[in-house]
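Below, chain A partners chain B and then partners chain C, in two separate complexes.
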Partner chain A sequence: MTNEKKRALTGYLVLAPVLVVFVLLMFYPALKAFFDSFTNYSIFVQQPMFVGLQNYSLQLSNPEFWAIFGRTLLLVGLAVSLQYVLGLSLALLLKEDLKGMKWVKLIIMIPWVIPVASTVVMFDWMMIPKYGLVNMFLEKVGLGGWTRYWFGDPQFAFPLIVMMHVWRNMPFYTITLFAALKSIPKGFYEAAQIDGANTWKRFWHITLPQLKVPSMIVIVLHVLWTFNNFDFIYLSTGGGPVGTTEVLATQVYQTAWTYFEYGKASAIGILMMGLMLAFSLVYIKLVRSESA
Partner chain B sequence: MKAKLLGILILSLLGGLVFSAPLSLWHTSFVSEWSGKDAVIQMFEQNNDQDVAGDYGPALYRDVTQKLIIQARTGTPDVVESVLEQMFTFAKAGLLYPLDEFWDAYPDKDEYAQNAVDALRFQGHLYGIPYNTNVRLLLYRKSVFAENGLKVPETWDELINTAAYITKNVPDMQGFMFTTKTREVRAFQEFMSFYFQLNKHMFNVTPDGVEVVATEEQLTRVLDVYQRMFFEGGIDLNERGADWKALDYGYTAGKYAMVTVGPWIWSHRFEEDARGEVLDDTGIVAIPVADDGTPGTYMEVKPISINAYTEDPQGAWELAKQVTSKDFQLLIDSMSGVLSPRNDVMQMPEMKDNWWLSGFGKYMDTGVALDPVSWEQPQNFIIEAIQKVIYKQMTPQQAGAWLLQNLQRIASSL
Partner chain C sequence: MNRQKNLVVKYVLLVLFSLFILVPFVWILYSSFRSESDLFSGKFFQNAGGLNLDNYASVLTKGQTGEFGTYFLNSLVIASISTVVVVLIALFGAYALSRFRMRGKDSIIVSLLLSNMFPQVLLVIPLFGILFRMNLIDSYAGIIITHIILGLPFGIWLIKGYFDGIPKEIDEAAMIDGLKPFGALFRIIIPITAPGMVVAAFYAFMVSWGDFLFASLISQSLGTQTLPIGLNKFFGSTQIHWGPINAATVITIIPTIVLYAFLQKWVVEGLTAGSVKG
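Right, the complex of A and B next:
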């Protein structure tokens, strides 16, 4: 065996444990879900039968599915864009080294390190009627007419879900973008200043292009994460009231663990996976072609 | 070297045959955080003469459902505690061991309340030993009623009118409260507590299948209670969609004058003295009855069951008997403030002399157990129908018809 082959073999051997874990924990379940999506698999069915594309056609021909799909996209669009804009703004502020920013850097990560379940429980207690913190505050400042169970109000439940996403994830954007901002060579800005570029032009022509790759990473990650996120909604509103916060992830859960129809749940899961794969490929390609 | 390894392998295999794996028990009372957890574990471990693993499973019932469905076929856990609705699902999926033979030979069986045991039968077989039971009743604030010269409601109309009167006339007090959150099991249980006065069954289960016996009129009438309670002033509209936390903690915080709830709320007295004072000022009566209805309310029964795939059914039965024994039920039920299905436990001073438990115990015979079907889907449709009414998407009549139609559609799959 040549040295080159030996080196390659060593590389494969080193990678092997990770690959085995990946195949067992990621690839096999995805493949199993793919096959299940063509069956009537359920805990109540002893011998699952092949049903072809029935699970897919049932979903795609159901107007409720499309309403939930639209709401999922709206949630992703609103949450990710707000997180990005606010996260970038804060990162720019941090870069300015203003007084007290050292403390802000420390405090800002707190929401991100709190587990999602704890975040939701905290928000839920704050929104409870009569003695939740928000309602007690409203009473105190003379806005008693506004008190309500905020997660139970169809007008406010969805915006609150978006708010929880933003509250938790914005710090991740801030820290990632702040690190990227710090790595932009100062010379770029000095040269632009000599050429007479104002603050806006420096931001538009230097800062933003330099942030393309880290932005792509945080956006792709959070689009995927928000699209698949289940716990924020399930733990706070359960998809209600009257379905106003139902998204595809909670729909999968309900189909699998309330109705125990694993074939149908797998079909929704596979549709979600396909959509997210397509999004990731198109987005990465777009960013790469622009960078080139 | 090779011979040594071979020897170790053979010894390991023989060891596996000789020394069986310990039994495993999943019991939420051993895991979830509550005031009696340590005492329960201590009692179990002191009296246990079997080899039982120290991992007592998930703390939440929804996790029990998921994990049991995924891993029951491995034979673990051997014994599982659940709630009635879950037990029917597990039994229907073939995950539980029928206990009929064990039960028939069990000397303690006559100590059990028959309605609690019957509640655990599915397709003619017994799938659990009951260890904890309760009924939903009307809890009301005695001082509020006395100070305002109010009579405790006995009919649905009186309940709605009294609730509206209190909300309007008693400062900082809401007359009544319903939980109405999406997927909130308590919302379903409250609905059934009213429904059972009109019909003791929602489904008729026969060997040929399941059919709906609820009528559109009955469903509509219960939904009408929700409509009137919210829109005639008994409950603030801004409290729509709230869950059990709002109801339980709201009542013991003194914000609501009446609620329909079970005895577990007793444990709030250990959290704050003020909550204990509210509970001491509480009266316990039957839920008001519909005009042409008969007394009836949701009865909760918690079973201890055996995994159909256990490798040691006899050992599992011994373990199930231990965690449903007289002493064990006395400890767990008295500490959690619920009733025991065992008559010998209910005769003990800790239970008999407790005004709260005896207050609930008086109405046990009005408790109606759920029909033996998989309840997850009907539960969701019932809560959806309630929400359609209280969020003004449908009238009670429309929601009643919608609910009946959906129950009929899914009946065959239950």
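Right, the complex of A and C next:
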């Protein structure tokens, strides 16, 4: 064996544990779910049978599915754009030399490191009827007529879910974009200032273009995260009230673990994965053309 | 004048952002020290001098909220073992991907990133079947196996970034000096990439500590239930005891916050490095 070949073999050996984990715990299950999605696999059948596209057509012809699908996209769109705008604003603010900045930098990531389950309790505790922080505050300022259980209100439950997503993940955008902002050469701004560009112009023509790559990375990561997230909704509203916060991820869970219809659940999950695959491919293409 | 007005606006914004981040924490921390009758007095500062540790005592000794100590211990064991396993596997994986020329390397790296796309709610269906056949339902090992998936892709990607930052000449020089490839890994590269490993470890711990989905399906009894499941159990019961729940929530979030406080500089650096480099 040549030295070169020997080294490559060592490489594969070193990599083996990773390959085992990926193949066994991710790719095999994904493939299995893909096959299951064409069967009537459920707790109620002894021998799952191939049913073709039935599980898919069941979903795609169901208006309920499309409503949930639309709501999922709305959640992702709202959460990610709010996270980006707020996260970038805070990053720009952090660049200013204000007093107390050190403290802000210290606390900013805390929402991101704590379990989602505890975030849900924290927000629910602020929103409970009458004795929650928000309702007590409304009562104090004379808006007692507005008090309610906010998570139980069909109009406010969904915005609250968006808010929890923003609260948790906005800090990640901030620290990423802040690091990127710091790496923009100062000379760019000085040159623009000499050319007479005002603050807005400098932002549009220097800052934003320089942030393009890190922005795309955080946005894609969070589109995937938010789209696939299950516990924020499951733990806070369980999809209610009256289905107003049901998303695809909670649908998959419910179909699999409340109704034990694994085949049907897999079909919804595979549709989710297909959409995210398409989204990621478009993204990779965009990045490639950017760096080319 | 204009400058001063600008400064005021900036401070106002900064305060608003800080409040947005902090209020939920401050409110639950404060509430966790108040008695239930004060919590439901409808007044912000009812008996504010009478803050006490009763809620914590009732959570930590078997009380109305039950077996909190067991949840905590389960979480600690599961998250610690997952962390060690993830860092070890990630270390070797990152070393291989950074230092060896192999066919299919690029597709492995791409699939690291793509693994973010797999919905966990989908993966858990077949995984449950696999763990069932392996007799690992309701065991630490079963939960730990699923938590490896959560921490590993990012861990490899992160540590690989640190490896890539070390010039190959350094390990080549070490090898000429008679160190085997693994000698180079352990004596030279690991010390230099220690910050990356710390961040990967922190991330692995955090995602394991925070997982609800996998743990809630795989654990079936108190012996394996973790904190998020415990919280959800208190929270979902018909009669919610808010005092103890608030204390339980504070106890649940403290370990990751303390860890983060110690590792803050490294974590921020590690998390941002990848996306700034592009």
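Side notes on the structure shown:
One rule holds for everything that comes next: the second predicted complex is superposed on the first by the 287 of 292 C-alpha atoms of A that agree within 3 Å, B and C clash if a C-alpha of one lies under 4 Å from a C-alpha of the other, contacts with A are read in each partner's own complex, and residues count from 1 in each chain.
By definition in this document, contacts are C-beta pairs under 8 Å (C-beta built on N, C-alpha and C of every residue); 3 or more make two chains touch, one makes a residue touch a chain.
These numbers were taken from a predicted model, which means no experiment stands behind them.
With the C-alpha superposition on chain A as described, chain C and chain B clash in the combined arrangement.
In the superposition on chain A, A:Y131 contacts both chain B and chain C. Contacts of A:L90 after superposition: chain C is touched, whereas chain B is not reached. By the touch criterion defined above, A:F260 reaches chain B but does not reach chain C.
In the superposition on chain A, A:V51 makes contact with neither chain B nor chain C. Touch criterion not met for A:I161: it reaches neither chain B nor chain C.
Once chain A of one complex is fitted onto chain A of the other, the partner contacts of A:D153 are limited to chain B, with no touch recorded for chain C. Using the contact criterion defined above for the overlaid structures, shared-chain residue A:L78 touches neither chain B nor chain C, since it reaches no partner. By the touch criterion stated above, A:L235 is placed in contact with chain C alone, chain B being left untouched.
Chain A is touched at more residues by one of its partners, and among chain B and chain C that partner is C.
Judged by the touch definition given at the top, the superposed model places A:I68 against neither chain B nor chain C. According to the touch criterion, the shared surface of chain A, contacted by chain B in one complex and chain C in the other, consists of residues 124-125, 128, 130-131, 257.
Contact residues on chain B toward chain A in their complex (touch as defined above): 62, 65-66, 69, 89, 92-94, 174, 180-184, 236, 238-242, 245-246, 249-250, 253, 255, 374, 376-377, 380, 384, 387-388, 391, 393, 413. Across the complex, chain A meets chain B through its residues 43-44, 46, 124-125, 128-131, 147-149, 151-154, 157, 237-243, 254, 257-260.
On chain A, the positions that touch chain C within their shared complex are 4, 7-8, 10-12, 14-15, 17-19, 21-22, 24-30, 32-33, 36, 86, 89-90, 93, 96, 98, 100-101, 103-104, 106-111, 113-126, 128, 130-131, 133, 136, 139-140, 167, 171-172, 175-176, 178-180, 183, 213-214, 217-218, 221, 224-225, 227-228, 230-231, 234-235, 249, 252-253, 256-257, 262, 265-266, 269-270, 272-273, 276-277, 280, 284, 287, 291.
The part of chain C that touches chain A in the complex is made up of residues 7, 10-11, 13-14, 17-18, 20-25, 27-28, 31, 39-40, 42-44, 88-90, 92-93, 95-97, 99-103, 108, 110-111, 113-127, 129-130, 145-146, 148-149, 152, 156, 181, 206, 209-213, 217, 227-229, 231-232, 235, 242, 245-246, 249, 252-253, 256-257, 259-261, 264, 267-268, 271-276, 278.
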